[in-house]
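Notes for the one structure printed next.
Chain naming follows the written order as A, B, C and D, and within any one chain the residues start at number 1.
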Amino acid sequence: MTFNIVLAGPRGRMGRETIKMLTKNTSDFNLVACIDNKNGGKKLKDLDSEFFNLEIPIFENPLQCFEKVNTNLFLDLSVTNASFNNSKIALQNLIYTVVGVSGLEHEQISQLAVEAEETQTGCIIAPNFSIGAILMMQFSQKAAKYFPNVEIIEKHHDNKVDAPSGTLINTIDLIKKVRETITQGSPQESENIIGARGGEVDGMRLHSVRLPGLVAQQEVMLGGSKQMLTIKHESFHRESFMEGIQLALKEVINLKTLVYGLDNFIE
Amino acid sequence: MTFNIVLAGPRGRMGRETIKMLTKNTSDFNLVACIDNKNGGKKLKDLDSEFFNLEIPIFENPLQCFEKVNTNLFLDLSVTNASFNNSKIALQNLIYTVVGVSGLEHEQISQLAVEAEETQTGCIIAPNFSIGAILMMQFSQKAAKYFPNVEIIEKHHDNKVDAPSGTLINTIDLIKKVRETITQGSPQESENIIGARGGEVDGMRLHSVRLPGLVAQQEVMLGGSKQMLTIKHESFHRESFMEGIQLALKEVINLKTLVYGLDNFIE
Amino acid sequence: MTFNIVLAGPRGRMGRETIKMLTKNTSDFNLVACIDNKNGGKKLKDLDSEFFNLEIPIFENPLQCFEKVNTNLFLDLSVTNASFNNSKIALQNLIYTVVGVSGLEHEQISQLAVEAEETQTGCIIAPNFSIGAILMMQFSQKAAKYFPNVEIIEKHHDNKVDAPSGTLINTIDLIKKVRETITQGSPQESENIIGARGGEVDGMRLHSVRLPGLVAQQEVMLGGSKQMLTIKHESFHRESFMEGIQLALKEVINLKTLVYGLDNFIE
Amino acid sequence: MTFNIVLAGPRGRMGRETIKMLTKNTSDFNLVACIDNKNGGKKLKDLDSEFFNLEIPIFENPLQCFEKVNTNLFLDLSVTNASFNNSKIALQNLIYTVVGVSGLEHEQISQLAVEAEETQTGCIIAPNFSIGAILMMQFSQKAAKYFPNVEIIEKHHDNKVDAPSGTLINTIDLIKKVRETITQGSPQESENIIGARGGEVDGMRLHSVRLPGLVAQQEVMLGGSKQMLTIKHESFHRESFMEGIQLALKEVINLKTLVYGLDNFIE
């Protein structure tokens, strides 16, 4: 069976990378149209010289798009609100749907779940497409059961504004679910320079490094008696998300309900 | 319930470390006797000045030991053949048994399994007590499903004779069970200096570093599109095995059959 | 004083990166012309859409170029033979010259040295513009005096054909100059899997890792009694060479002779 | 020439390690006596079963010691004040002196310098005997000239009370002497969890990790354009200081004045 894909969000960085992947790919995936909040009536080749040979049409109205082109798979990489609307219409039209935005509200997710359930149409919401990062988080969570002394260092380029990163916060949240609460470090511990021991959540310590030259990495360190277990993930480019997008597309077509999180398919 | 432990192999390095742990421990474990192929009739305090205050008796004959002392838990850290014999007798006497030697033959393991089954007495054979190393191997195996490009570097002190280490070989064996067979590296690849690309098993590359200053560590690197996942375990002292021994002792008393490998209890 | 630069090799990857740097740069450097073995008479904007606003003229004949444009600084990033010829003419015209190609023969270097000497015009030949890699090599060399047990791991993307890398070989060569010759590892050492202990030069061991996801890095490990010193350089993009090119351009204008190697300016 | 050494501080951890080294050593060093603030009249074998075969005498009075035994080399590993007194008397008796304590005051150092000068007797004060740590600091200082974006992570066992470590503070002090002052990180940077970005000195960021399983290590990271240079030192045992003590002993006998810091001999 061939899958004809519609992609929303062709101008974003993830969208562009995905277009390259889908149109290079020799697999069953076949990009047939894009949805964009402007550029309706144009073709992909009009958007960017990189896409010079892509005659793929662009629609502004999702319903119109789904009616005009023959599609059975929808991938939304646009922005939160557009994404909710697009995905709802896709599911109502019995089109398998992968939503790759973060920030959907509980109420929106519930509505999409109902839609999927009623139409028996698979839907995956995946705020994180990085298989490597998901594995790192799963491994850290499991290891923390045995080694509850945990410190995390994440390192990013020096233009990053927030510290710590969202991935670090997600990792901590996952670990907290299983980790025995303990006090880490020496009770007499003191900082000669404020901040030296990093941030603290539930006794765990976290550190954010920001340097030019770095891209994005995280290192979870778990200490035991005379041993250390370290789980490290490095990401050098958003191309690293493509493996996760491919996984989501392959999994969604076997579903009849909504599943939240790509981690459910990594077992 | 208090557990009265008999330990075989009190003079080995693991045995000595375990004696320290058991006699320091404030938990339910209580070391009541040792089995040794010499020193029968002596006490632990006669073996080493470190044990100066330990009045624990030493037996050469396991059956005699199990009859004389009140015990319900047996831990064998001796050598392969003695271990088989000791453990068989322990199980026949309905004593929970943890065997911490490697090198038991299939036939011997089968016999112990039958003995455990018939007496409904739990037995764990654990050739590796390092929880950290077990986690590293489990994580590597799982990650290799998604990232089949694998290289492993193990680093040890420069007195180590064999290369690669047993742990590296075990890791490779586990990964091979699940990894899609692929060709790694460039097809045009060539070595200007022989051995530069390391050893090779099923396309995976492995490297052994031997330097003074090092103790024991292993690093499993898994490469994907523009991302790297690295799982690293460092062990600084055999004290790191104590957490695994404690886990085995806690688990064996809930068993009625034989289980091979501590990894079965790390889920 | 403003420096008007002529660049040879505008179509190569280093050349393109350098054009971006020089035309972005707010410093005293001012790109006034390029030398190319084709495209004479065209302008940079004709070569690549990325350079759409660069009216900088291209010459095929270096002498003609140096006569037509007002220049005092020449940077050659072309290929070996063209580079020798271009640089000789530049020096004869009293233009400071930085040559960024590897592969010049001894005889060619000697001729350029004579030319520089006679015209009292500074010339730097820099086969390696990576300041980070140069520091790594200098540090490794110095440390090996105190810690002669050395192993090196270099890691590159899996399209790299040669193993080990040129940088690793250069590092080994530098270390050999100062390192006390010793036998590393255990005399009883044996490989269960051929190649596990890596390649060997003068007792030092070297390992090449090739995985997708990696870019380029090298790690020099020096072991002492219960201690390890590790020097690691990671390069993520050829943009990392720009700092070295800037250093060469700033240094050459203070010279009256030829200097081989950027390392001479990193003290 | 044979060197007859007197050692002060035989009961401290460094002292004990050094006794093992000196009495194992097949070199020209020959331990002839110890100075201790108690145990005068006893021998080393009376202090510890480990030294059961060492008939080396212990003195409480340094002057008496230097008069009674034939010595030309004095190594002080005691505590600050005793150390000052011992060393002064050694120098007055024309005995080469290595002082391995930290915490001497400027005034005390000056007095020892005068003593050394007047007697033309070499003296080295070395608050840090770790050659690896000294190299790490020297390399970090040099690299920071080229890569002024610096972050440092030090990792220690979780019984360590102070954060950051003394070595980290020394490293920062050395770097500050040569580093161009810059603002690191994004100007918009903000911490969602207080302390995430670590401590700060002159724009440089520093992080202290405390976990069981760790011994002592420090990692200096220097970021450039698309490149990273990392210098890492790991110490697993105080045995790692022995190489530094040997270096000091070999160097002091060529001196006629006082030199502060072992780094002066590592070039």
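Note that in this section contacts are C-beta pairs under 8 Å (C-beta built on N, C-alpha and C of every residue); 3 or more make two chains touch, one makes a residue touch a chain.
All of these numbers come straight from a predicted model, not from anything done at the bench.
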Based on the averaged CA atom positions, which chain is farthest from subunit D? A
Selected interface, A-B versus B-C, where C-beta contact pairs are more numerous: B-C
From the C-alpha centre of subunit B to that of subunit C, how far is it in Å? 49
Between subunit A and subunit B, the Cα-mean centres are separated in Å by 38
Residue numbers of subunit C (touch at least two other chains): 213, 224-228, 234, 236, 240
Report the residues of subunit B in contact with subunit A in the complex, numbered from low to high. 130-132, 135-136, 139, 142-143, 146-147, 222, 224-240, 242-243, 266
The answer for subunit C against subunit B in the complex is residues 149, 151, 153, 155, 158-164, 169, 184-186, 188-201, 205-214, 221-228
Subunit A touches which residues of subunit C in the complex? 49, 213, 215, 234, 236, 240
